[in-house]
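In the two complexes that follow, chain A is the common piece, with chain B as its partner first and chain C second.
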Partner chain A sequence: MNKDISADVVVIGAGVCGSLLATRLARTGRSVLLLESGPKIRRSDLVRRYRESAFKSDFMSPYPYSPQAPQPRYTPTPNDYLDQAGPHPFKAQYIRIFGGTTWHWAAQLWRNVPNDFRTQSLYGVGRDWPISYDDLEDYYYQAEVIAGVGGEPDNGSPRKQPFPMERVPASWLQQRVTERLAPEFRVIDDATGRNSRSYDGRPACCGNNNCMPICPIDAQYHGGIAAQQAEDSGVEVITEAVVYQLEHDRDGRITAANYYDWDKNRHRVTGRTFVLAANAIETPRLLLMSASEQFPEGLANRHDMVGRHLCDHPAIGVTFDADEPLWPGRGPVSPCSIGQFRDGEFRSEHAPFRIDISNGSKVASVTKELLKEGYFGRELEEQVRFRSARRLSIKNALEQLPDPENRVTLSDKRDDMGLPTPRLHWSVGAYEQKGTEQVRQYYDRIAEKLGATNVQHSKPGAFSNRQHITGTLSMGHDPATSVTDAWGRAHGHDNLFMVGTGVMPTVGTCNVTLTAMALALRTADRIVEETRHD
Partner chain B sequence: MTDAGRIVLSLGMLALSLGAGVARADDQQALIQRGEYLAIAGDCAACHTEEGRPAFSGGHAISSPLGVIYSTNITPSDSAGIGSYSLEQFDQALRHGVRADGRQLYPAMPYTAYARMRDEDIAALYAYFMHGVAPVDDAPEKTDLPFPFNLRFSMAAWNGLFLDQTPFTPDPDKSEQFNRGAYLVEGLTHCSTCHTPRNMLMAEKQDQALKGASLGTWYAPDITANPNTGIGQWSQQQLIEYLTTGHADNGATAGGPMLEAIDKSFSRMTPEDIKAIATYLLPDSPDTSAPTPAPGLRPIRDNDTPAALEKIGPGERVYRDSCATCHGMQGEGLNGLPALKGHPVLKKPTADNVSMAILEGVWPHQGQAMIGFDEELSDTEIAEVTNYVMHAFGRSDVHTDAARVAELRQGGATSPLLMLARVGMVGAGVALVILIAWSIWRRRRG
Partner chain C sequence: MTQFSRRRVLKVAGAFALTGVAGQTLFLSSARASSEATQNTLDRFMGVSSALTAREDLDGDLARALLHAHLLTDQDFPEALSRLEALLKAQPALLSSSRLAFAEDQSAQEATARAMLSGWYTGVVGEGDQALYVSFVNTLANVAVSDVLVPPSFSYGPCGSWQAPPRPLQE
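The block that comes next holds the complex of A and B.
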């Protein structure tokens, strides 16, 4: 074991939330230590790995797998890091490197709508949050300024300040789809952290259409930028540090974190305040692995709440060929969506949802399809042009109700470090199925309005993951039904905080990162306030 | 004269004098507006307006080989600016390098170029700075150069040697447009300040006017009409496009201080003046640019097999990972992002501008920026990719190395001038003693 390392604040997980919190605390003069299980990799190396990968449709292909900090993989075959125990597989995808999972995303930075915070009071379903939209409004804006967010202002989430970024110009696809679906469907600009002009030392989007799996020029905000800012702000960073256990004193206060370096040497770090920011599956895993004599069920788990209420947006998709060329693939991959079904009285009956219209290039998938159909030569070339110009794909973000039976636990399997891997139990209930039926009808209506042929729905009864993992560390006033309080502090452990999407009690109908960033900034301010006189 | 007649007469006089008053105000307004335009053309704001501070209130740090020079407040503030300057004092500063208090300016202020300007333009600039600019009573940081450059009177001797006070004289054999261009290039737009190499005493070498010079980091290329070393292969139209937008269809793209000059000054000048500049710099070039060939389909040439990957050298490696997504695998550019193949910057006698663009990026006020790689790439990697780009896309033999990149990263080589000047003062002192001794000896003989 190495000599003790100590800091005022120890943050575990260098994703976007942990990094934002670490930066804010370091700027107040506190010593901050940021531990990351994965390696630090340069953007250019990630670009190279993707360019040289045979699996262009696999968004994980730029991100190297390491047995010391394993991540779920599905291509070419699933690596079974996640032990699937439920009726529906929960195919989580996350990246364990410096910067975290938002290295690959479309920089969707949406606010919840105000009613998302009290669905139980208003509609008799789901859970109320311990805070309201108004409590978060200012933090939403702070996060938007950090990331440079632009979008349609009239999107159901009221704002006191205009977006800090002007919209990225609409692609041809967006213009045509907006026009042809109106007025029945209102297609609006997504709220995205994508530069339309130089901002914060990063250039404007130049339409590489490569947001996922990696923006090659950093026009898009991501966790790698946040993590680098943390390091530049004086945060001490240790990568390849796999935290496997937290220690506590008799009062339940956390005293130390133990980690393995990649050669499996043990290290111990001490601190006054500990913040877990290791994603909504890995953070519960760490809490459960830290079980002790005093806390045999794991930390923050006196009421068996850790890892429960696992939610995502269970998604279905549709693809079809429109009756005119739309040319997907020019501009950002995910520029626009339909938001009119996010809220309403119907929420007491079935799940609300957003409908996302993809602008990702279809050349690769269409070519694969045509080769399978036996096309070659000149005809193949013509057909690739024809179909990839007209192919439209659509998916949804549908709110799943938090169900305590959907949960993360520890499996019997061990990873290369000898640590138990996560086990997931997930099912999609009647409320979501009913909402999904609605979605499917709208898909058909949209296809009809665009003169579609070759309509292909995703397999009925199957749901894909959107990687908007929430609920497992739910905030709440009542320790019997939640893991953390309204500030993200663990019930029963005064100096242990959690940030990230796991603390969100409900998943809403939009991508979850902005809400998690806002909550992380709010938690950071709370820690500053509470430790002012330390 | 009847009373009525007297009233009519005096009313008439009143109307006349009022009319004159209105005309004077109009003239004055026109003069101020003209001055504002000249201030843009002269790019006064480049140095005298610091981002985040009020216009023309100074405080912009100009790093010179001798140390940091801070620009002054040139708003009409009596306390902090030039509010108390008479037209003559203003002229003394602009064209002679002498402030109202009699002290000398450093030639960071391009008064050697402004010396070419006409009286009426000086008057217009004066009107603008006195009446068109809001006074700011905030004094910027003072310049504090090391000895002996802190002795401003030494500049008087420098001026005696290097300040040519002849105003611009048009060439009667040339067109009006050519002469207008000459007037702008030699005077107001002070192109020579960067593009003309300087001698040991930091004065422009007149025999090498506009033949290209290093600014320590960025290289200001040869802009003479020489077809080999300069811009003689450009059409006037290309130069006009370049000065107006920062890029031209011969592939040229502006970066560094030139981009700043285009953003702040050239892009805001009248088409007539830009045309005049092009006429002067490229008197014999064709008026229109060559038609660009229609884009055709290109066969796919890339091969991602491991065997092909292994042949890739270190410079190409960096190029593929950090540059190719925007500039194309073959340097062909992408959707309006600059092609590197045949880019004029690759034909310069130095690779510094390629390395500088990679280090700092290129950040125009409008439009697509290029990200800088100073944090991401090492000196060796930047040198390797610079050389790769120079050779593969520019067919150039010009070479750089990690040591030069390290120097550029630090802001350029430190100047030997300081040492020279100090040694030189001793030398001058010795010379003076000899001179006095000699004259005494002569007098005795006489």
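The block that comes next holds the complex of A and C.
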């Protein structure tokens, strides 16, 4: 034991949610300790690593791999950190560094639609949340102000106040697709934390078209900004601190967190309140690793709920060549989508979804494709131009119902620290398959309206992850069916809270970060209120 | 104050490096590359590359870097290059169509041609664990679209400049 540190609040995980919560608590005068398993890395180094990567299409490639804080990797060779128990592989991606996974994202900051919170009551499927849209509306706005969110106001999520950011101007591609798909499909601006003007000390977007894997100029909000803000607000940060166990007293209150530094020296930190913010896979892993004589199944797991209800947006995609040059690659990578299928009575029958239209440059992917087809010389370059100008790529965000059999457990394998790695059980059910059939029909209709040739659907029966990992720490009123209460507090552990996408009982049809940020701010306020007189 | 065009800035930024999967960068000096690969091999590499790309204006520094990467990832590359060169001299009609269509017994030469084309157009030599990054901004694919696009991670222009119809970028 090298360090003896104590704080009012100990936060584990320096991603966007843990960092926002830490900042808010520190600004009330509480001492806050933020433990992060990964290292701190400068944005400029990440940009350099991207440009020098041989695997630029792998969004993880700029982010260094650390055996002490392993993260799932798939390129060039899968590292099998996640033990896939099937039947469908759950190829999660997440980044274990200071700032977390939202270092690489398209800054999509959507609100749920109100009915997402009541799908069981309204449609007889899924789970109701213990809170409503109205409970979260103010926190949604607070998170939007922090991130500088702009977008289409009429997107199904009612607002009391306008977006804090003017929307980023639409690319030529977006304008043409919007016009040609109307009125059958309504293409709208995405809700994004991307600057159209200088905001909070960060510049306006200048079209680097590299939101994923790394914005070179911080024109979009991300967890690295949130984490640095936490440190600048007085939060004590310890990176390369791999928490492997929580200790508790007889009443189930958490008393300490034990962590290894990267040389595997043990440290112990104590606190009054503990907050787990280590993502929807690593947080369940820590709870399960913290099993004790009193809690042999792990913490917060008296009813075997930890890690269950693992959800994502199981996605299919389509690419095609439109009949006019659209030139994706000018402006942000993910600017617009079709949202008219997010809600309705049909939700009792099949999954709702959103359809995302990519504006990412296709030069690299069509070049590989053409080389594979054997093109060379002048014809190759002509085809690179032709396909790069016309190639459109579309994917979906389809709601997966929470299924208790889809879950995170511990595997029999160990990482370099000797800690058990996560095992994932995941399947895609009939409800999602039926929704997917609808999606595919709409893809064909969209392709038709854009005069498409060379239509390529993703492999039937295969689903890709959108990295919107939810459900594994579900909040709910009933301890028998949930892990946390309506404030993110662990059932049975009064001073243990959880933030992040894992506490979301359902995944909805939009990117999940804004909801998780709003919930984290709400949890922070709750902790402030409850500990006011400590 | 001197104003540089976007294209010129990108050209300056497009230094070459070799990067392995571990993220280690082996900055390449032209002198070192030249010493490792004979001028004769480089000349032959340039000749075959020109035939495959139908370009006479290939960048010499990039050629040296690509050749160096091929030599690092394939110890038999000089011999493979010789065999491909000989085949193309004997059968120039092989490059008269729009796609590579070598005979079955010429599959090794076709593989060499594909590897060389991949280097020039994607900036990466080798595959999987052996893949080496050589160039990004100056790949021929990026050059082919450089009148309309900038490579990802470089600035396109002021916010909203992408609203206009695509047209050649200003010199």
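Here is the rule we go by: the second predicted complex is superposed on the first by the 533 of 534 C-alpha atoms of A that agree within 3 Å, B and C clash if a C-alpha of one lies under 4 Å from a C-alpha of the other, contacts with A are read in each partner's own complex, and residues count from 1 in each chain.
In this section, a contact is a pair of C-beta atoms (placed from the backbone, for glycine too) under 8 Å apart; a residue touches a chain by one contact, two chains touch by 3 or more.
What you see is a predicted model, and the numbers here were worked out from it, not measured in a lab.
**Q** With both complexes overlaid on chain A, does A:R202 touch chain B (first), chain C (second), both or neither?
**A** After superposition on chain A, A:R202 lies in contact with chain B alone.
**Q** Touch test for A:L371: chain B only (first), chain C only (second), both, or neither?
**A** The second partner, chain C, only.
**Q** Applying the touch criterion given at the start, work out whether A:R43 contacts chain B, chain C, both or neither, answering first, second, both or neither.
**A** It touches chain B, and chain C stays clear.
**Q** Hey, is it chain B or chain C that touches more of chain A?
**A** Of chain B and chain C, more residues of chain A lie in contact with C.
**Q** Thinking of the overlay built on chain A, is A:P216 touched by chain B (first), by chain C (second), by both, or by neither?
**A** In the superposition, A:P216 touches chain B and chain C alike.
**Q** In the superposed view, which residues of chain A touch chain B and also chain C?
**A** In chain A, positions 47, 51-52, 54, 204, 206-208, 210, 216-217 sit in both the chain B and chain C interfaces.
**Q** Show which residues of chain B lie in contact with chain A when the two form their complex.
**A** 304, 309, 317-318, 320-322, 325-326, 334-335, 337, 361, 363, 367-372, 376-377
**Q** Under the touch definition given earlier, write down the residues of chain C that touch chain A in their complex.
**A** Residues 17, 19-21, 23, 25, 52-54, 95, 98-101, 113-114, 117-118, 121-122, 124, 126-129, 131-133, 136, 139-142, 144-145, 148-166.
**Q** So in the complex, which bits of chain A are touching chain B?
**A** Going by the criterion above, the answer is residues 42-45, 47-48, 51-52, 54, 198, 201-204, 206-208, 210, 216-218.
**Q** Can you check the complex and tell me which residues of chain A touch chain C?
**A** Per the stated touch rule, the residues are 47, 49-56, 64, 76-77, 168-172, 175, 195-197, 204-210, 214, 216-217, 325, 327, 329-331, 360-361, 363-364, 367-368, 371, 373-381, 384-385, 388-389.
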